[in-house]
Amino acid sequence: MNSAALAIAPEVARDVQAEPDPRGITIERVGIRGLRYPIRVVASDGPQASVAEWELTVELDAARRGTHMSRFLEALERWGTDPFDGARVMSVVDDVRERLEARRADARCSFVLFLQRRAPVSGRASLLGIDCSFEASSEASSHDLRIGVRVPVTTLCPCSKEISEYGAHNQRGYVDIKARVAPSGLLSFEDLVEVAESAGSAPVHPLLKRVDERQVTMQAYDAPAFVEDVVRSATETLCEDPRVLGFVVDAENLESIHDHSAVATVRWERPWTTSSG
Amino acid sequence: MNSAALAIAPEVARDVQAEPDPRGITIERVGIRGLRYPIRVVASDGPQASVAEWELTVELDAARRGTHMSRFLEALERWGTDPFDGARVMSVVDDVRERLEARRADARCSFVLFLQRRAPVSGRASLLGIDCSFEASSEASSHDLRIGVRVPVTTLCPCSKEISEYGAHNQRGYVDIKARVAPSGLLSFEDLVEVAESAGSAPVHPLLKRVDERQVTMQAYDAPAFVEDVVRSATETLCEDPRVLGFVVDAENLESIHDHSAVATVRWERPWTTSSG
Amino acid sequence: MNSAALAIAPEVARDVQAEPDPRGITIERVGIRGLRYPIRVVASDGPQASVAEWELTVELDAARRGTHMSRFLEALERWGTDPFDGARVMSVVDDVRERLEARRADARCSFVLFLQRRAPVSGRASLLGIDCSFEASSEASSHDLRIGVRVPVTTLCPCSKEISEYGAHNQRGYVDIKARVAPSGLLSFEDLVEVAESAGSAPVHPLLKRVDERQVTMQAYDAPAFVEDVVRSATETLCEDPRVLGFVVDAENLESIHDHSAVATVRWERPWTTSSG
Amino acid sequence: MNSAALAIAPEVARDVQAEPDPRGITIERVGIRGLRYPIRVVASDGPQASVAEWELTVELDAARRGTHMSRFLEALERWGTDPFDGARVMSVVDDVRERLEARRADARCSFVLFLQRRAPVSGRASLLGIDCSFEASSEASSHDLRIGVRVPVTTLCPCSKEISEYGAHNQRGYVDIKARVAPSGLLSFEDLVEVAESAGSAPVHPLLKRVDERQVTMQAYDAPAFVEDVVRSATETLCEDPRVLGFVVDAENLESIHDHSAVATVRWERPWTTSSG
């Protein structure tokens, strides 16, 4: 059967989404999740191409049955070409809110950025991939923007070092920081990576020669840190940075002596800050 | 080298965790994550054995450097034998709070429960695995308990049905409900599964014969539902149930015509409820 | 519309799966994947209840269009009650092959088993979850059975220890062993876990007190092992065990100084063995 | 302690990896896994930037204790700048084999490529992300190269359509094709995507307006396909393409009426082909 021959054209069929809903229930978020789209992101050494995974949602008024899912894609198509920074993500969310005629819109996108690393002694270069994210909310009178990183670090256990005659268990850990920032703010993903790495026992590198491995082994042994120490250290640094309006920092150690993780989380909001439109 | 021969016995080494921390930063949550442990759970037809994954954390006072991670395991070991319901999970969290001398403790555990299903026409029996969870928080003067389910359903798109001469796209979706309940409450996982399944176009079954497949195919076609419809339908039912003190319901469709999901979320708190110890 | 009132009953509709297929293409495997079902497994200290995830497939003759998916569930329903060991899994696969009238059937199922662990100094007890699996193939004249474990271990880097004045990087690693065994064979999951743990620098434990942590820290420092050492050590042990007809061992270190893994794999078949019906 | 002050310089420490191993066990594969690195890939409309995840391994001679893990990174660093096609991946593997002085080297890398899609009626453009991969093996006298895609499609159940008065269950499925090709071969990822999409009931699109949704709904209803049909259809096409030397095709349906998948797999080697150096 040929679709062109059909008697009931979609133009005359009911627009089911646009129908009223009688239940009087506002839906906090409705939209799409798990959409992969190419992205270019502003990084310190210029724009980087990556693969983003998006969640885009709007609040749906109690009176409407459904949202128009295709408009989220149309928004991404329109905004997809130039490099993204926080301000541009906020513009996307504003655009989504207007296209969907919604009181509020929310966006989250995550992607990998690569940072140039130099091995500490040999100076050999390689690239370390970091999971990064934007999260943004838009209402008529307020905006909210968070940037996030998940940074691998080495952590060496202070207790194990203290109680053992030699050696100390250590492992890979991840420091997750999500920082609330002003849309026009100058805080970069690289800034957050630096905070995270300073909080661990040693940074990790993709490429280490033997002289480098010696260096990071002893560096970690000289700077033992519990997950508690990691989040407190990151907290101290973040609180002192006026560009940070609030944050959540979560440290997770893939414990080398257990098959589970040790974790710690601190959540903080700068007392006098408010989000503003 | 034999550990028995060591001069520095761990008894005399410093207890690093117990040392004071000078930074004055309270840690919201510190503990373990991703720990798998056997569990037995109270279900309508008796206790079920399953495999739980736990996150157990406490608030760490600003004055202490570290928590004692092994005590979380000791708590699980003590409470691990009898079937768990909400009240028992709350007892575990209370116990954790006391063992760790903390102001607050939190627990999350997730596991699969199996529900007996009968195919709708043939009556053939099979077992449907459902991801379930407990989340509990304990402070001296307040307790909070949530139970959760993630329920697979069939959803059939109302728009696709309306605009097409024949057929309608449909797909597997998941309805996630997390409900806040009284620790002594009688709301069961099965109750939440029923809410979720009633909100979709048709339930899913592990075992369907041809007569059953015919039945569920037409059942879904007769009851089209957007993700928006799913969360509103579940919301209506949950609001009317006095055992539910609050909830989050999230519907996610693994869209058959896209490679991303359609999602909707409603969050609700019963206006007059407070959590109580 | 009531399904009972339908003019075309499913009994008289075409059985589409049973129709011939004109393309002449045999399908190596067709069936179900990702099915979760409760399981009880024979372990050294008695049967353990767990949650299995199954893949069940048959070869589909070139002449037939489709297989009957519901029969895989019927097989599991029939065999689901008593504890599983290798022989019972083989019986399930034989049964599947007969129900589906196939030349060959294959099954894989994976689940978590818990082993009782004692901390090395304090003797404190806890349970360590291990990912285990059965893989079985059945043809009229041959059977094939493999059992598998994925065992967490601590590994300490020999190079890092050698080149550093103090300390040595270490991490959690996983040793995956899949061993081909006779269906009537006496090799247990626990036997394979022991092989894997002996090959690492130290075993991991869920519960360790300070005296234990001291012990495992130094034990690992005293027994450094590359992934290469781990797989060779496991290989030596497995080759000497006449119950093992062949195996694959894969060691993966979650490197503490990198954000990627170091891996090594050995594959081996006992020269004179053949699978037999 | 300052590393510059250390008495034992790494230059004079033993090179532990280079030591002989007495066990006489060749290791089939040793190297790195899970390494993320930026990549540019040759696609029909020009090079695309993406994020690759690599596994790079070599065979390790029985006489050597360990491989030199850092050299895998050095190889990627050297080859990382220009766009990759099959021939270039093969050059990387050859280079790895030489750097590590190994008899054999293997590489796998996976990444997302985006294809321009036009909605079938409205013509609206969007980008569909496809998981793609290279797998390559290099020995002195032979090379082997496979390219892979994992393509989302809509599948509509022929049985459900046949036995139901109206409607038919359908769902998202994935068609995985790994094709063995000549390193100089002209088979593209897009070619394989086309094979996969032709084998399903309808392709999926990120962006569909109502007129498009109507079209794909009816297109799928008009072309029902079991997983068995999907793999046979892909098999027919692939066998007829002389650029394809062999393949594995796996179809997996995220069944809308079950919480598990239906799957089918065909494996095929062109009878007269041999891999050649």
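Going by the order they are written in, the chains are A, B, C and D; count residues from 1 in each one.
Note that in this section contacts are C-beta pairs under 8 Å (C-beta built on N, C-alpha and C of every residue); 3 or more make two chains touch, one makes a residue touch a chain.
This one's a predicted model, so the numbers in the text were calculated from it and none came from an experiment.
Enquirer: If I average the CA coordinates per chain, which chain comes out farthest from subunit C?
Expert: When every chain centre is compared against subunit C, the largest gap points to A.
Enquirer: Per the centroid of Cα atoms for each chain, what is the distance between subunit B and subunit D, given in Å?
Expert: The separation of the two C-alpha centroids amounts to 35 Å.
Enquirer: Hey, how far is the Cα centre of subunit C from the one of subunit D, in Å?
Expert: Here the centre of subunit D sits 24 Å away from the centre of subunit C.
Enquirer: With chain centres taken as the means of their Cα atoms, state the distance from subunit A to subunit D in Å.
Expert: Measuring from centre to centre gives 27 Å for this pair.
Enquirer: Do you know which subunit C residues sit against two or more other chains?
Expert: Residues 1, 10, 13, 35-36, 129, 159, 163, 165, 206, 208, 210-211, 213-214, 218, 258-260.
Enquirer: Testing understanding: with touching defined as stated, what is the shape of the graph linking the protein chains, line, ring, star, complete or other?
Expert: Basically all the chains touch each other, so complete.
Enquirer: Which residues, counting only subunit C, touch subunit D once they are in their complex?
Expert: It is residues 1, 6-8, 10, 13-14, 16-17, 21, 23, 25-36, 55, 57, 60, 65-67, 69, 158-159, 162-163, 165, 226-229, 231-232, 235-236, 252, 258-267 of subunit C that touch subunit D.
Enquirer: Any idea which subunit A residues touch subunit D in the complex?
Expert: 1, 3, 10-11, 13, 15, 35-38, 48-51, 70, 73-74, 77, 80, 111-112, 114, 121, 124-127, 129, 206-211, 213-215, 218-219, 222
Enquirer: Which residues of subunit C touch subunit A in the complex?
Expert: 128-129, 152, 154, 156-157, 159-160, 163-172, 202, 204-206, 208, 210-211, 213-214, 216-218, 220-221, 254-260
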